[in-house]
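Common to both upcoming complexes is chain A, partnered first by chain B, then by chain C.
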Partner chain A sequence: MNYLDLTITAMHEALVKKQVTPLELTSEAIKRIKEDKNNAIEYLCEQEALAFAKTLTTPEKDNPLWGIPFAVKDNISTKDIPTTASADILNGYVPIFDATAISKLKAKKAVMIAKTTLDSLAMGGSGTTGHLGKTYNPYDPSHTRMIAGSSCGSASVVSSSIVPFALGSDTGDSIRKPASFAGLVGFKPTWGRISRFGLFPFVPSLDALGFFTRSVEDAAILLNVLAGHDEADYTSSLVQVDDYTKELNNPLKGVKIAVIQEIIDSFTDQDIIKRFNETIKIYQSLGAKVDYVHLDKHLLMTLFPTYYIISCAEATSNNANLDGIKFGPYYDADNYIEVMKKARTAGFSERIKRRFVLGSFALMKENQNELFLRAAKNRHKIVDEINKIFKDYDVIYAPASPSIAPRFDSVTNQLQDEYLIADNYMCIGNFGGYPSLTLPVGFKDNMPFGFNLTAKPFMEAKLFNIAKALEDKLGYFNLSARNKK
Partner chain B sequence: MKEVTLASLKEAANRLLFDMSEAEYKTLLEEFKTVSKQMALIAEDKSVDNYSPMIYPFPVATDSLREDIPCKPESRETILKNAKNKMAGQIKLPKVVS
Partner chain C sequence: MNYDVTIGLEIHVEMKTKSKMFSSSPVGFMQEPNTLTSAYDLAFPGTMPIPNKQAVINAIQVAHALHMEIDHELHFDRKNYFYSDLPKGYQITQDKRPLGHDGYLMIGKEKVLIERLHLEEDTAKQLHFPKFTLVDYNRAGIPLMEIVTKPCIHSAEVAAKYVETIREIVLFLGVSDGKMEEGQLRCDVNVSVKRADSKTLGTKVEVKNINSFNHIKIALDYEIARQIKAIESGEKIIQETRRYDEEHKATKAMRVKTDSVDYKYFTEDNLIPIKLSDEFINDAIKTSHELASEKRERYQKQFGLSEYDTNILLASLDITSYFDDCAKLSKHYKAIANWLMVDITAYLNKAGLSIKELTITPNQLVELINEIELGHISNKQGREVFACMLKEHLDVKNAKEKLGIVNQDSSDITIRQLVIEVLDNNAQSISDYHHGKDRALGFLIGQVMKKSGGKVNPALTSKIMIEELNRRKK
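So, the complex of A and B:
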């Protein structure tokens, strides 16, 4: 095993003991990117990363990210490094500032290796709509299965052991769903816990900047670095930052886990259900109290349309600044309206345009009450009902996806329970701003799948504790497609 | 509510300053049929009207003022570096008044 195959924690130990250097790790990561065939990379920061890694000569024992290579979803601003969100309208755009999350990682002397691809403008869940087309699941050498999105490239590079962690963004389940298909820990924090300054806005009322790791402990370590108020992002929270590693190994006695029966009923894959029941027994054996609770099935069936209307409406206005004038390709025309129209017609994919039209339609004066405002009211109702569950429970627990990674050519009936609930219920985490984490729990047909835990706002330390207890018992730790047994 | 027709979708696209092909509009019209069926699920539940629209998950206190920290602003050249069409330190566009 190469040192690059280790978790952050183990890699840090090796760096401190001088068993490996940041330059060696960086060189190996770049080599692996060049060999990789999964269509994960928008921009390789080869020269920048090597130059920085060369300067890292004295290990910092108390800095777990010193010299650790990482990758970044390409909708997060990186100074002097192209950042396009995998959208043609941003081709050639080079930010003049770093996102706060990037500044924090640079301050810790972590080494940015690459910008990763995504569904264009982070809108989509298939990992197929960005500049590179399909991003492939590293567990499937036949390249027929997706890794999902929108954070497809970040999931891919962590799963391929190119880096031990990568930043992503999560608006509906864009980190937590790919994590399930890639055998990773995928984490979104409480809304406002990590600054979003420099994250391209898609749906600001739902967006969160999060990450992929190969262990729960690594996720806690990363949140320790990235959490905190940021004056550049006034939606970032003033709630005091915790030590997110402090509860990692606490016993689970007294922990209360809720399983929403109607969500479980929407799953049809018997292997996933069987595994879910096994993990419930594990939690019970560890002293946790697990109860099945009920939530109106009809309300659950409205999750996806609520998400879709709100996300399209917010996206429409948040992307109005993409006009081909201040940045992006310029198209000459007789007047400035035509300049913008040409840029936007050529620069947005068909899928993006459809979402924008839908959003615009939902926001029209004649439609607002019946579409956008109704969806926003329904969101309120959903969050109220979930908060009632959280009065008595620490976490809500369910499988993260209805199946292993689907094939690219699979067809879904978008009006069935399995699509409306099992495939899309994780947007609850975004509606209520709850911290939420997916962790790997099993394999089927040699493909991984994961389960999801969602906690009350700002209860990340407890969430990591409950997740790590299961990780310890199952032994699904530091999984990667490169080193699969 | 405004009827979903090819014309109303074209109007929406026009407001957004982009164009789509006829085939793309047809796909969109089909997508609207599915979305309308999904939205009908929300419309069935009249109790939704008892809730206020949720705009953010929870309130975030923004009652503090930032300290004034002197800093050197970015140069004009840096700020304009992503604009493709520029002249004399300004973004250049076609004449608005002829």
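So, the complex of A and C:
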């Protein structure tokens, strides 16, 4: 047992008691990164982190992040630290400003250890498409199973106990899905609750900056630091910031949990379903009311295509700044068109180009009504239905993934309900801008899996309360591949 | 054969706000390249747009001046295209819901219908060289207002006058300096010509690159004549973009317009719709500077200035500001106008200065004018004082002292005493005057001036002299 294996809360206690120093934690984290075999790191901030950690000598009792090491998904802008979004087109790009979330963590004197891998430009869910190749799941040393993405590197380093938390971004389920496969708490806030300034945009209306932790309480503590209006993000909310830890240990009596029958019906893994039913019993035993509600299955089947069209379309525009002229590798040519073509041809993966082509197609004047705008309308329709459920319930509850992490060579039938609904329904959280959290609930074949809770906008405190109740009962707290039981 | 001409105009106005449309970098013109930029202007990943409130206020003021309906919600869209002067690969603009719509502007008796006014951000400026191109991002993100007319103008004169009037509006509202030569006001013109008896509209040709007010009419006259000539010789007018060639005073083909470019407009989700309350809009309108047309009316109706004088004053916003400052201090409007139009303008032109650099304040000018109007000094002396004030940087009092000018005596009683004395000693002249010899009056006044040592006001002396003469009429 090393102090670096602790959760934020426990690590903070050890720091305050001077049982360990930020420098020791930082050195250990760097050592673990160097030994790590999961290809989760884009940039190791070795000198920067050590230099900063050395300055941290007087523990701050009331600052839970003082001296705590953390990692950051590489699509979040970090001043003077290369930020590539795991895309060749951004090789060599060194931002001149920090994302607001980074500024806030720096102000709290948390220690940034590394930038982590992602599916290139956060477009993808497999954790295999970054320019450094596949990122592996620390629970599977044979490297046959995914950790998923797009926040693959951040999930991996928290799961390996390299850091107790890492920032990620979530546009469809890019935090909450890998959290399921890595046995972590993965959280995305209400849209606008955490500033997106400095987060490389993929789909602004769906994007959320969130994080991985190894406990629900840690997630609440982090949100306390990161939530709030930001002058630099016009869409950041003016709703007053809560103390997100205040309801953590409230009794669940009176809490209403909705389970959408049609979502559950799309799951086929009996172990997952069995475990799900067990947790429902737990919730009931804790005094929560759990009801099965209905939502048109056909509407659920449109979730993935709706997400795909909106995200591909907007991604074309949000990445149009990557033209090789202002930053990133420059390719000389006779005219600007050739300069851009060369940069974009070399700098984007085939997968991304395919998405751009699809996205452009959906935005074309002659197709926009039939594709992009239709998808946007359908998104609203889905949100309307979900809001109806939220009139009577606090959270919607379902497994966060069809099963444990899939193998890299597994083939998915993309027309099955299991893919269309079970594997993709979590984008509901992004469609409606709802706060949403995945927490670990079990293991199968020595691989973890998690369940997801999605709440009404700005009801994060309640969401943490409901999640922690289950965490407490199951005892899946501070899981990591390093310290498997 | 008669021809119908149809013209529509798109005018882009660069605003002189403190900061850019969506970033905090300062707005400046003719500055060292790439010194007025920020991470947003260069589209660094993760930067986000923050709308400029003043730009919105400006746009409301102009929309109001153009009698437009003003949208109570601000919506922004993206216009997507790749170009080396467009850092983000899209421009934030207002496609679906422009800030202003359906307005008009009277040009003489013609009503020019204005379809829309919307806000957007300017692109970077490119400097092309044979082997390379340089990009100056100072311009990238400067707030732009685009004002689009309906195709409703039928002559080059009205089109040119319309652009002039738009310039005057943005200039007087303080929104832009409207310098076409510096690209602060840019206009693209669509021109089509058809035979008067033809039912179908002519082919639309776009003319760009008109960068001076003087060129608008020349360019349009040329283009209209070119199209008429083409039609008469049976040529087909090509739908194309042409540019105005200043050197040849002609329009030259630039590119053929195939299917118009698909800009794939869609909503800008980094800017949630912004509600504009009645209060906000009304405040913007209430705090508008006075329009040129309003000034023109006020100068003529309230101040009694001629149309000619008014137009001369209105040729410069700064002159009108100076005039307005003076007019608050004195009712001698005509005299103020005269000083501005004649002596001050002459001085400024000669010295190569602008009125903002004039050392004589409105207060001082009004004081000088009062001296003259009260008869303390003559017009001629006034000019001397004026010159001395400029040269020696003195106020009126000190300039007079320096020149040794003492006040003319304008006391009625003193003058009347002198007049009576002179009349008592010149019975013959009185008689001559009463027998119609006007010269006698001049002689008598001369006597008074002499007696006073030249210190009495001649006009007043003349008036009193006539009164006294009439009193002695038998």
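By definition in this document, the second predicted complex is superposed on the first by the 485 of 485 C-alpha atoms of A that agree within 3 Å, B and C clash if a C-alpha of one lies under 4 Å from a C-alpha of the other, contacts with A are read in each partner's own complex, and residues count from 1 in each chain.
Just so it is clear, a contact is a pair of C-beta atoms (placed from the backbone, for glycine too) under 8 Å apart; a residue touches a chain by one contact, two chains touch by 3 or more.
The shown structure was predicted, so the numbers you read here are calculated from the model rather than taken from an experiment.
Using the contact criterion defined above for the overlaid structures, shared-chain residue A:Arg196 touches chain C, although it does not reach chain B. Contacts of A:Ala107 after superposition: neither chain B nor chain C is touched.
Of the two partner chains, neither chain B nor chain C is touched by A:Ala51. Of the two partner chains, both chain B and chain C are touched by A:Thr235. In the overlay built on the shared chain, the residue A:Phe327 is in contact with chain B and with chain C.
In the superposed model, A:Ser360 lies in contact with both chain B and chain C. Of the two partners chain B and chain C, more residues of chain A are touched by B.
Of the two partner chains, both chain B and chain C are touched by A:Thr316.
Residue overlap on chain A between its contacts with chain B in one complex and with chain C in the other: 93, 96, 205, 231, 234-235, 316, 323, 325-327, 336-337, 339-340, 360, 364. Contact residues of chain A toward chain B in the complex are 92-94, 96, 191-192, 205, 231, 234-238, 298-299, 301-302, 304-306, 308-309, 316, 323, 325-330, 332-341, 344-345, 348, 350, 353-354, 356-358, 360-361, 364, 366-367, 370-371, 373-381, 383-384, 414-415, 420, 430-434, 457. The part of chain B that touches chain A in the complex is made up of residues 1-2, 4, 8-9, 12-13, 15-20, 24, 27-28, 31-32, 34-35, 37-39, 41-45, 47-49, 51-58, 60-62, 64, 66, 74, 78-79, 81-85, 91, 93-94, 96. Across the interface of their complex, chain C is touched by residues 75-77, 83, 85, 90, 93, 95-97, 99, 196-201, 203-205, 231-235, 313-314, 316-317, 319-323, 325-327, 336-337, 339-340, 360, 363-365, 368, 372 of chain A. Chain C contributes residues 39, 42-51, 78, 80, 82-84, 87-90, 133, 135, 262, 264, 266, 269-272 to its touches with chain A in the complex.
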